[in-house]
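As written, the chain order gives the labels A, B, C, D and E, with residue 1 at the start of each chain.
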Amino acid sequence: MEYTFIIVLLPFLSFLFLGLAGKKLAPRVAGYVGTAVLAISAALSYLAAWQYFTTAKVGGVFKPWSMDFRWLNFTKDLHIDLGMLIDPIAVMMLVVITTVSLMVHLYSIGYMHGERGFQRYYAFLSLFTFSMLGLVVATNIFQMYIFWELVGVSSYLLIGFYYTKPEAVAASKKAFIVTRFADLGFLVGILLLSFYTGTFSFERLTSGDASLFNEAGGVTFMGCSVIGWALALIFIGGAGKSAMFPLHVWLPDAMEGPTPVSALIHAATMVVAGVYLVARLFPVYYLEAPDVLVLIAIVGAVTSLYAAVVACVQTDIKRVLAFSTISQIGFMMVGLGVSGLEGHEGLGYMASMFHLFTHAMFKALLFLGAGAIIHAVHSNEMGHMGGLRKYLPVTRFTFLIACLAIAGIPPFSGFFSKDEILAATFHFSPLLGAVMSFTAGLTAFYMFRLYYRIFWNKETRHDHAPHEAPRSMTIPLVFLAFVTLVAGPIPFGKFVTSDRAEYLIHLDWTVAGASVAIALVAIALATLLYRKESAIPDRLATSFKGLYTAAYKRFYLDELYLFVTKKIIFNGISRPIAWFDRHVVDGTMNGFATLSQRVSCAIRGFQSGQVQQYVMVILLGTLFITVLVLFI
Amino acid sequence: MDYSSFIYLKEELSLIAVIVILLLYDIFGSKKSLTYFQPVACLLLVGHILLTCCPAPAVLAIFGDTPAVDQASAGVYPLFSGMYNLYPLGSIVKSILAVGTLLVLLQARGWLESENTVIRRGEFYVITLFTLLGMYFMIAAGNFLLFYIGLELASIPMATLIAFDKFRHKSAEAGAKYILTAVFASGLSLYGISLVYGTTGTLYFADIPAGVTGSPLQIMAFIFFFVGLAFKLSLVPFHQWTPDVYEGAPTPVTAYLSVISKGAAAFVLMAILCKVFGNLIEQWQAILFWVTIATITLANLFALRQQNLKRFFAYSSISQAGYIMLGVISGSALGVTSLIYYVLVYMFSNLAAFGVISIIERRSGKVTIDDYNGLYSTNPRLSVVMMIALFSLAGIPPFAGFFSKFFVFAAAVAEEYYWLVFIALLNTVISLYYYLRVVKAMFINKNETAIAGFRSDAYTRLSLVICCAGILLLGILSVVYGSIHHYSLGW
Amino acid sequence: MEKLHLEYYLVVSIIMFFAGIYGFITRRNLLAILISIELILNSVDINFALFNRFLFPGQLEGFFFTLFAIGVSACETAVAIAIIINIYRNIRNIQVKNLEQLKD
Amino acid sequence: MNFLSLFVLIPVLMMGGLFLAKNLKQIRLVATAGASLLLALAVGLVVAYLGERAAGNHEEMLFAAKCLWYAPLNIYYAVGVDGISVAMLLLSAIIVFTGVFASWKMEFLEKEFFLWFCLLATGVFGFFISLDLFTMFMYYEIALIPMYLLIGVWGSGRKEYSAMKLTLMLMAGSALLLLGILGIYFLSGESSMNLLELAKAHIPTQAQYWIFPLVFVGFGVLGALFPFHTWSPDGHASAPTAVSMLHAGVLMKLGGYGCFRVAIYLMPEAANHLAWIFIILTGISVIYGAYSAIVQTDLKYINAYSSVSHCGLVLFAILMLNQTAMNGAILQMLSHGLMTALFFALIGMIYGRTHTRDIRELGGLMKIMPFLGVCYVIAGLASLGLPGLSGFVAEMTVFVGAFQHTDTFHRVFTILACTSIVITAVYILRVVGKILYGPVTDKHYLALTDANWYERTSTVVLILAIAGIGLAPLWLSDMINGSLLPIIQHVKL
Amino acid sequence: MDISIQETVFFLLATVIVLFSILTVTTKRILRSATYLLFVLFATAGIYFQLEYSFLGAVQLTIYAGGIIILYVFSILLTNQQADERLEKLKNSKVAAGIVAAVAGAGLSLFLLLTHSFGPSRLAGGEVPVKAVGTALMGTEKYQYLLPFEVISILLLACIIGGIMIARKR
């Protein structure tokens, strides 16, 4: 399996090449180079997947394959290795990433055509792909952290691609800092975990060897075990990347980046890194800190519901998709949170991974479709769209497929994965299941609201007729739509499960039927409200003004963040500190100087120029010293 | 009557010979021949220095007659039955002083050749050398009488040097201030000596320690005596004459006062404290502790504000004296080595600075720090010399001042004077500030009307080159310190 | 002289000494200051002679010190007076208050 | 004379060459040749060092040589290097090299500038090769004093004030240090200034309690230890480019290196007992510097405060007294040295074009000078600890090392120190966003040109070094680790 | 109370010295001051005579009274044109400072002197023969003063040169 190394390395070489030589290349060539390299990577990934899933099974369990080389030594036990860990989820992620990335690369040739910094764009895309691939094949948690940071930076660079646009710059900054803040949790979590277990290695951590955690046994902090804390902190890192409530604020803003970037990073790959992280460490979570898993489930559910509600009222199509992404990642988190480890208990895990897979495809499809629409109308606002079905037929159909998939309508892929999550959730807690079902309904509603507002509804005037995107953009759409269509029945449990053993999927029809029913009702409602131009939505908005505005404003979370950063950190901490530094600390230092000068001026009269005074001082000095020595 | 002892007074006798020759030359030389007065004087002094530098035993060996070495303190040859002590460290200090005097004389040439002073040129040389001779006797004295006469020989003619520019009121005023305070201080000192005599019954250094019992009167006597030397060293609170006199005196005389006179006094003070009042070590260490702190701190505080460079250097030299006291207070061999070394380095540094001040004052009449603004743009070499000197005074490596400061601190720390060294060290920061003020004026400040560029005379240049060489090499060549240390081992 | 203790003489010399100091500090004429100094030196001379005579009559150390001190004080006086006269020539005045140009 | 002395000799010879140089061309020739020679020598030293170690030479100090200097005080001119000094020498050589290119175009007094520059270099190199406390201290001061004139003459803004403040504060630190050194010398009972001999001797614990703070604070002033760091913002802001580079890049490392070599190494008991005080101070430095940097508007101030934070981390890590953290400290010194030098070089180049360093007046520079912009972003990313660049390696090593302490006190401060990576991100991105991105704020900027060849040389060399450490840290880390062993054994009591 | 002649002489001299010392420093006229000084010096000489240091007394009379006082008188007369001390009143603060300094100093010295036990007086010897003085001045043995004698001659020479240099017109 050594060649898998090349999968990761190729994008990096491409990045170096494009980054250093890009300026001298024609833009088109740069695009081709990037795409070609990705194509090789993708091909190798498929090869690897095929080879792995066909050969790696030993005794009914997929055996991971790994290679390592030492990168940095910390202590006797702790060292960072860089390497490749090939196991089912890694292979799955390789496939997802290379596929979506390839599609995005291809799509971007058309979408980014004529943009300034085209070469740079491709360099960054390659960098991102490299980082993401490195992340998923990480053999140890520190390697993951390394690539974790790298994807963060590539995301930053890509969100800020239009660096002359202040909004883009602000969004990129926000994205980076919020995730960085979460990464702090991740880092501390790593430090804690590694300190007590003495290893970073995933293989050792997830081996189920309880002796690793012996040292931490009994160490508690604020009533929870220290490993629990470590895992919770690590989850914070994942929550940041995966835009879990309340760390999701960066994701909607990140839509300022080019749309294909949103498709790649902020829909399909990077944002699921958190899910992947939890999945990677799942055995540890399950065995050492089940409480944290419950926490994860709750956070996932809250996020999911929250995002779905907000998505219902957004008017920027990319924002809607962004909230939809947040919501769907919430589903995945819930799936993991409710899952058990072995056998049928592991349904949630399997479902979550499956959903990750299908979601990557259809969400990328949605974003790329949105890109095609934006490409056509040069706007993100729903208000500027409507009635586009005539102009963009390919986009429309692929978009519809994706909408159906995400709404959970069989036989589209989303139905299968989501349904399993719901089943697992109901199995875990009916209440949570109900919430998630409701959220699924909301999902169907806002997706079709989106669909209708774009392609149906009232047609807006355009300066020039919108036209279908070029071939390079539509091919990816079609390809992804195809995957979305066919991915559903994939026997996913054969490949990716919590215990790496085979899992036989059987649909729970009560749950499935109910959810499909809910979805259909929601779609019907959306059709009613938005298919034609109608006053009902506005009326609803005015009658539930408070709720509507709050949801539109995303429940004021951004304002809260702004308040915390601007008012508290910037004005409340930094300014006083800077003032303190200049006036108190530095003032003290200057004070010494001033004091010396003052004293110097104050005593000048002492040197009066009168010789008699001098003599007097000599005499008194002598007497003083005498008295001092003799009597004191 | 055994007059053979005289032959061992090679330093003093050769200096007297130089003085006499110069005196006669000045009186009887024709006007034309007097134009060579300067070179002749300097050459004679060089000869004298060479003779001084020859190790005493080597010279003594010529006469084949080595006097008995005092066993109690190795290396000391008492002459005139103890009236006069011949010892290597003394000779080293004498030769250092002589070199310093030579440098001063080199720097003084330009000034002496000016119209007003040329007729008093001969006197300047003779009197300067007389004061030097006085210091020699101070250093070599083995008896308070000889010490006292030496002290007066070093200070009374000095007053005439200070008042040398007699038509300039400031010079005259400085002279008067100096002689009045000097006489007063020597009066106190004399009173102290009288009480020392009264309580010990002898004036011979060698015999006094036996009589020093530490009675209160004796301590008072000691303190009164101490005032005389503290005055010469300008330790606080006996320092107030210094700035006024330094400012008023002709610059070469200021240089001479600040270096030669001070260096001699420092060494003599240490010698007498250790050799004569060794029994009072607790008392004089306590005194020096506070006096040193006061000296360094107060002088630094005063120096902060000075504009006139000569006054500035007066305060600087007061604080330097404080640092010298760190060597004295230790009372150890390390201390005396450091002290001599410090004096040597200080001499080169201060004379370099005064050389620059002197030549600039002569060429432009300017002596304030502000006048030096932009000096580097017009007189780069002088500025660099000045900067090196200032850095050396501030104790910045690789200049010798760093080493000398380090050694005096080491000497004091060796005797566990941590707080004293701590305060002294903090004061180095203040002193660095004011030294940098001058550097700043020369290098950083801009000035449209900077002192015009000029070429200094060969004598000044020679002296500055010697000084700079000294500053640069003394630290790096450890042999100087090593040899001083070699002779101080018997301390 | 049995009844005349050393201390009697010493008291006299101390009074002379500090009278001199008082004079030095208070007089305004440079020559008057110089005269005060003579008192100081003179009192010291007495001290030496006294100690020699009363305590250590074996050798003449104090005696000679006095002898030399008288000579030295003569020198001092001569030079000081020369300087004062020079000042007088410069500014036609020998008040000590005129010696305050140099200060700070 | 052993070849380490060349590190001192070359700058001195350069000074001689500069003194004789007649025109700008010759000055540049001398400076470039000398700096290249130094760089080559440093690289050669690294190779030679690794070779010796690989050959199984386990002496604590390699290439050691000494000759008696001041016999009465038993002072030697003693040189020798271990992995740590080798690393620092390499850093210094790189920064001197790039500094020469960064000051390719001086406006006036080129010769003097390079003379002082070489004196500074002499001090820096001498400090790192010294094994004798006396020479170490001497070189330390030699390195400090040129700063005064370099800032005072060639600086900008409130240069006189800043130069004076910097010099006085650093000299006050060195005054404390001197007392500490003398204390060590006399109280160790060894009457030796040699580091290795002193380490074998035992300084009485009681004495350590007062000497340690003196030495630590003395060096700490240069390492921007709170609250003695205030020279840094003003000093850096006023200094000319190359001087800022050298000062932040190398000179501040003297502080950390000294704390480590002298304070910790020679006084292990006091280090163990008093570390907590300084951990608090350095912890404050780390956070405080970062927070202060957030609100600054002058690029150099931002960077200066950032240096306070980063150098605070160095001292913080040293005080953790374990091998990993100390290794991290050394790596952080290297990393901070390189990236801060890069920062200052870039700021200098930007300032040289726009004549302002106020981030409120700058904007959109990425479009106008993409090369500088990209370099600035890289420097920024290195500063905020992006993997693949040096900052990450250093910071992670520090954090992992610091986390080896299990008590709450250390934990809390470690986590506090960790938070600095977030704050760092905030101010770095703020600056990058303001000055490089967004619309161009001043039409005049449109006419500005991108970097020249010499500027490119300077930045590229630095970036290569940063990325080199960031990508392949193992050899460096192992080299340092090997040399830390004896020290750690010593400190572990 | 039998008061010997010695005592009478001493008290007489002491009175003169104390009285005129104080007058010397307090009188307003400088010429008087010089005259009072002369009296003090005479009385001092008297003390030397009483101590049987006749040679010293003689030197005192010749050098001090004969030489120095004359010098003073001449210079006072030379400079007395405007320097009329009576025109200005002494500043009270200065007087107070002087008195404080002098009294404090005197008090301290007296205290220390009078509490010090000098040991028994060993009055002996009688008059010092002039020949012994001469021998001591020319000898190099211990308690002989050839070297100081030579050095003081140098001092005198130096002062002569210096004095002339300052005092002469050019």
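The criterion applied here is as follows: a residue touches a chain if its C-beta (ideal position, glycine included) is under 8 Å from a C-beta of that chain, and two chains touch if they have at least 3 such contacts.
Computed from a predicted structure; not experimentally measured.
J.: Please work out which of C-E and B-C is bridged by more C-beta pairs in contact, and write that pair.
T.: Counting C-beta pairs in contact for C-E and B-C gives the edge to C-E.
J.: Can you figure out the chain closest to the middle, judged by Cα centres?
T.: Central chain is D.
J.: I'd like the Å distance between the centres of subunit A and subunit B, where a centre is the mean of that chain's Cα atoms.
T.: Subunit A and subunit B have C-alpha centres separated by 78 Å.
J.: Averaged over CA atoms, how far is the centre of subunit D from the centre of subunit E? Could you give it in whole Å?
T.: 70
J.: Could you state the distance in Å from the CA-based centre of subunit B to that of subunit E?
T.: Taking the average C-alpha coordinate of subunit B and of subunit E, the gap between them is 31 Å.
J.: Return the distance between the CA-based centres of subunit A and subunit C, expressed in whole Å.
T.: Each chain reduced to its C-alpha mean, subunit A and subunit C end up 97 Å apart.
J.: Using the touch definition from the top, which residues of subunit A touch two or more other chains?
T.: As it turns out, subunit A has residues touching two or more other chains at 593, 604, 607, 609, 611-612, 615-616, 619-620, 626, 630.
J.: Provide the list of subunit B residues touching at least two other chains, using ranges where the numbers run on.
T.: Within subunit B, the residues that touch at least two other chains are 145, 149, 152, 156-157, 159-160, 163, 166, 175-177, 180, 184, 195, 198, 216, 220, 243-244, 305, 433.
J.: Could you pull out the residues of subunit D that touch at least 2 other chains?
T.: 168
J.: Determine which chains touch and list them pairwise.
T.: Those chain pairs satisfying the definition are A-B, A-C, A-D, A-E, B-C, B-D, B-E, C-E.
J.: Subunit C touches which residues of subunit B in the complex?
T.: So the residues of subunit B in touch with subunit C come to 144-145, 148-149, 152, 156-157, 159-160, 163, 166-167, 169-170, 172-177, 179-180, 183-184, 186-187, 190-191, 193-195, 197-198, 201-203, 243-245, 247-248, 305-306, 311.
J.: Looking at the complex, which residues from subunit B come into contact with subunit E?
T.: For this pair, the touching residues of subunit B are 1-3, 5, 16, 23, 80-84, 119-120, 123, 126-127, 130-131, 133-134, 137, 143, 145-146, 149-150, 152-153, 156-157, 159-161, 163-164, 166, 175, 195, 198-199, 204, 215-217, 220.
J.: Which of the residues in subunit D end up touching subunit B in this complex?
T.: Within the complex, subunit D touches subunit B at residues 69-73, 75, 134, 138-139, 141-142, 145, 148-149, 152-153, 159-160, 163-164, 167-168, 171-172, 175-176, 178-179, 182-183, 185-186, 210.
J.: Once bound in the complex, which stretches of subunit A touch subunit D?
T.: So the residues of subunit A in touch with subunit D come to 70-75, 78, 80, 142, 145-147, 149-150, 153, 156, 160, 163-166, 168-170, 172-173, 176-177, 180-181, 183-184, 187-188, 191-192, 194-195, 569-570, 573-575, 577-578, 581, 585-586, 588-590, 593.
J.: Considering only the defined contacts, which subunit E positions touch subunit B in the complex?
T.: It comes out as residues 108-109, 112-113, 115-116, 118, 138-142, 144-148, 151-152, 154-155, 157-159, 161-163, 165-166, 170.
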